[in-house]
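Below, subunit A partners subunit B and then partners subunit C, in two separate complexes.
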Partner chain A sequence: MDKITLSSMLEKSREKRISVLLITIALLVLAVIPFIINNDFTLSIFIWIFVYIILGSAWNLVGGYTGQIALAHGVFVAIGAYSAAVLPKYYGITPWLAFIIAPLIAACVGFAISYPTLKLKGHYFAMTTLAFGFVTWKVFLHWDYINGAAGLNIPFKPSFSAMIFSTPDIMYYLSFILAAGTIVLFYIIDRSKLGMYLKSINQDEESAENRGINVHKYKVYAMTLSAAITSIGGVIFAQYVLFVDPNLFMEGSLMSIRIALIAIVGGLGTVLGPILGAFVMIPLEEYTRAFLGGLGRGYSLFIYGIVIIVIAMYWPKGLADIIYRIEKKIKGVYHGRSK
Partner chain B sequence: MSMIVQSILTGIIMGCIFSLIATGLALIWGVVEIVNFAHGSFMMLGMYIAYFMSTLLGIDPVLSVPLCAVVLFLWGSASYKIVVTRLLKGKLLMQIFGTFGLMMAMDYGAMAIWSPNYRVLENTWFSGSIEIGGYYFGEGQLIASFVSLIVLGLVTVFLLHTKTGKALRASADDKVAAVTVGIDSEKMYTYAWGIGSACVGVAGALMTNFFYIQPQVGMIFTFFAFICVALAGFGRIKGIIVAGLMIGVIRAVSGFLIAPWTKDVAIFVIFIIILLLRPQGLFMGK
Partner chain C sequence: MADQNNNLSNTIIKVQNQEDNKILQIRQLTKRFGGLTALNKVNMHIRESEILGLIGPNGSGKTTLFNCVTGFYKPDGGQIIFRGEDTTGKRPSDVAKLGMSRSFQITRPFDELTVFENMFISQSHKNESIVGTTYTRFNDTTREKADELLKFVEIYKLRDHKAAEISFGQRKLLELACTLMQDPEMVMLDEPTAGVNPTLINKIIDDIIRANEKFGTTFLIIEHNMNVIMGISHRMYVLASGEVLREGTPEEVRNDPQVLEAYFGD
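And now, the complex of A and B:
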């Protein structure tokens, strides 16, 4: 609709400059935070935010862009975390290699679970992934190789090759860089042909099929890629917590839900969504846990359930929608004045 | 060998109860076209009702069955009216997420009220076991499968021979046509949720005779019910019974042959294989 005139092009480049400026400021602030804050609790919250930006963005590819509810991402986190724990323990290999091995395993699993189920309606995929998470949890609990329900400890011996650091700020930067990389990757995907295909599948599967898009192929592709990236978050998880057990990742599918919720609260199918979601949800959860912890687990998770119902009923577009609306309004005012 | 026969028979008995649970899910899925992820939580509610009727008032779980049916009917229709009507206007993704939230709220609400502890009912009317032809059966399981079959029969008669039942089936078959002949679809949806929930509530009450009671007991039964319906296809209670029996037998036999904890894993693996080979379900044509 907009005619391409010199002034509109100038406006565009100006908008672009503003957003580049904003992003640079945000990056700089985040980069100097470890110098300003010496509080380990606050730093740990930031590390979790970065980890969940990776996880939420990865889920967003399946849940947001493609519109398929996957409820087994905790399993892929577990694959990453267990790879990081098992490689040095049993094979004397540096956990850095887990950044390659874990995504490969996770991609295979993601492919295997999504290939048969994504041919069918959305319910099948959601329920099968949920059941898959449950079953994998059971298997992990009884699997001697990974020490079953007792879990695995990663001995705290700080060194670069063990990917364990004596101070949390190096972990902060590592997770920060990975989160930034994930965001850039999804920004590229968002603008690529793949992103467009996925969005059109989400909007109307039949018409996407009619336009010659192989719907099943792209859905499986999204799930496979998403699983691989999710496992990278798992590697960081293990190296930061230095302990893995099946309940951490798969009990009651809670982690899978948290990952999904971060993308949903933030805004489905947007690059910005999981970032906003993680920045809002993780601190909120950490503080409510400190606050409601005394009441017992049931209460906080009950509230979690109610929140999910309310979001599903009244607020499916998430936080990003508010930002975009404000942005539109500002632009509207701006254009109004210039004309 | 006789141990295998024993586990097959036990599986068949459990299968009858799975069929009842699955029929509840199928009714909701078929008529309202939404999968209730909280289905197992409804069963959990039925279990707690029967448990407290027994421990507080001394009423046997078998006698609590009608009460559970009524309470769960009301709970199911209320869930529909309060939550699901709104969800139906949204996307599939939010429908799934919404009923999932319902499941979380119910399970963890129960945990907050009744603690996560496992409870078991003792000294009910049917708590022993009996021997039939060299095989042993829990009395609780037997009475549960017997009553399940009766309730399944009642539901079938209701669906086939009453006006409301026919209207329900019509809505499941073709919504638009059902509305054009004057069927109140909103009312049918509420009935479907009520009756579907009542079915699973009855199953819950019956299971307290031999199964532990815990806030998160339901989820695995939601899977079983879903797998039954997915295997059987819609609108076929017969198919659901066969699928329910199959799941019961696979569970019991794999639990006996491999290890008790592999029961649920085996069902999942077989489900995935069947999805790969026959995505339209086992008993559907084409």
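And now, the complex of A and C:
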């Protein structure tokens, strides 16, 4: 059974071919969507899905793989968004540069807050990050440099250097490419040594430490990397909404919780999880808000809550688990035949 | 010819060194938990390629000693010198990188990972850059080594099973294979045969002796099974109430009236 036979190789490559085929179809469909759909609202939902794939995947590295529930990722989104807003406004620098500067700042902040707090375990880490999110929110509200609670407007003057486009389809492709890049990055990490070390830390920190893995260093590294990638989502956010204020990112840590939920609902510690999570949660949230929002603010959140409860009850390992179960069944059919 | 001479002189030096080459020295090690003194000025040493037995009644401080040596506990006093380096108070991962590997009394493999992946994680992490791990995968050398060791402890056929799915005894063997995976200079085993059936006990003993002979690995073993520990140890220490009661060959320890008293009472 352990020997690699020709037939087992064929089966493997057939499985591989199927997944390559599925990915190609998905990419093609997503690539032509702006040509088919002229509805700006629908396109905006896709853009939000792509942004949240970036955010959810980045959070997944800390919350899913490493198992450290961080609740301050809204801060890193804010760092990205404010970098994109501040650079052209105050310094006349193109916001494209924010793709480099924001991750650097976010990485420094992520490192600075996680170095001491990741010495704490379990709930205490979640609580300190939550507190950090609230404190930063208050600081941003009273920070004159970034115009405090009033926020910053980005004037709508479409040009490539300003990263502002007259039609939403360019933004669509930009966020699509960045999301695809993020997925590739996390696909690599999932199969790298780092991915496996983080999974081992999640399961048993002492045992990982015993095997020569410096648990604290790896956790801080995961958080730093996660913060940097999260800020990239923030840059897109600012350039698409063309407005930033502290409440958007940090009010009541709502965004941090949404980011975490996307990874949790989708499936923790998997590449597929945040993708599925974003594709389910974002349209759900946007459509319920659009159609039920008129009835009063609570209704959309009510439906949103029910869906989360249902998913938590029936698929506690997340939506990705459904896919993996189907995959296993298909594999089982193949192996059943070879036996 | 010159090579042969060189080899010969190297061997002589090695033998000479073995006489006083202490891979691990524990000096005046003290550990307290509140009012309880778990270890009281313990002095101990292990020579290279030695199999050292550590016995003592329950609560005598054996596992505490392991935890202090591997870095899980910070000692309240004393000094630990491993391979010429002072490792007192160092992180467990740093101690592990110096070539010390340890098994837990209750096995602790990563349940959600496969047997094979457990072996991967247990490889030596010396000279590994943290950023480099982001994009590197395990290479073929590691793969081959993991396979070889899994064959060595005869659980190769389970390599693709999750660690949660294999039996208690097989987990013990996996743990042993994992400790050997780290290229260790010294292996510390905490009750490797506890709760294991007699056939498997023989196999574990056999594996330890083979590893000691094949790779020259030093072993420090805690064991309650007297037949096992007397059979494989070159030398032994007896701990009682956090102090070294006796040191000597298995023969000497077996016949010591103080040891008998500590174990069986008056």
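What to note about this one:
Heads up, the rule we're going with is that the second predicted complex is superposed on the first by the 310 of 339 C-alpha atoms of A that agree within 3 Å, B and C clash if a C-alpha of one lies under 4 Å from a C-alpha of the other, contacts with A are read in each partner's own complex, and residues count from 1 in each chain.
By definition in this document, a contact is a pair of C-beta atoms (placed from the backbone, for glycine too) under 8 Å apart; a residue touches a chain by one contact, two chains touch by 3 or more.
Predicted, not measured: the structure shown is a model, and the values here were computed from it.
Using the contact criterion defined above for the overlaid structures, shared-chain residue A:312 touches subunit B, although it does not reach subunit C.
Within the superposed three-chain model, A:215 lies in touch with subunit C and out of touch with subunit B [touch as defined at top]. Using the contact criterion defined above for the overlaid structures, shared-chain residue A:67 touches subunit B, although it does not reach subunit C. In the superposition on chain A, A:280 makes contact with neither subunit B nor subunit C. Residue by residue along subunit A, subunit B and subunit C are tallied for touches, and B comes out ahead. In the overlay built on the shared chain, the residue A:170 is in contact with neither subunit B nor subunit C.
Within the superposed three-chain model, A:108 lies out of touch with both subunit B and subunit C [touch as defined at top].
In the superposition on chain A, A:180 makes contact with neither subunit B nor subunit C.
When the two complexes are overlaid on their common chain A, residue A:257 makes contact with subunit B while staying clear of subunit C. Across the superposed pair, subunit B and subunit C touch subunit A at no common residue. For subunit C in complex with subunit A, the residues that touch the partner chain are 70, 72, 91-94, 96-97, 101-102, 104, 108-113, 117, 120-122, 124-126, 128, 130-131, 133-138, 156-157, 159, 178, 182. Every residue of subunit A that touches subunit C in the complex is listed here, in rising order: 2, 188-189, 191-194, 196-197, 199-200, 203-204, 206-215, 217-218, 221, 225.
Contact residues of subunit B toward subunit A in the complex are 29, 35, 37, 83, 86-87, 90-98, 100-113, 115-116, 215-216, 219-220, 222-223, 226-227, 230, 259, 261, 264-265, 268, 271-272, 275-276, 279. Interface residues of subunit A, counted against subunit B in their complex, comprise 63, 67-69, 71, 113, 115-117, 119-124, 126-128, 130-132, 134-135, 138-139, 141-142, 252, 257, 260, 264, 268, 295-299, 301-302, 304-314, 316.
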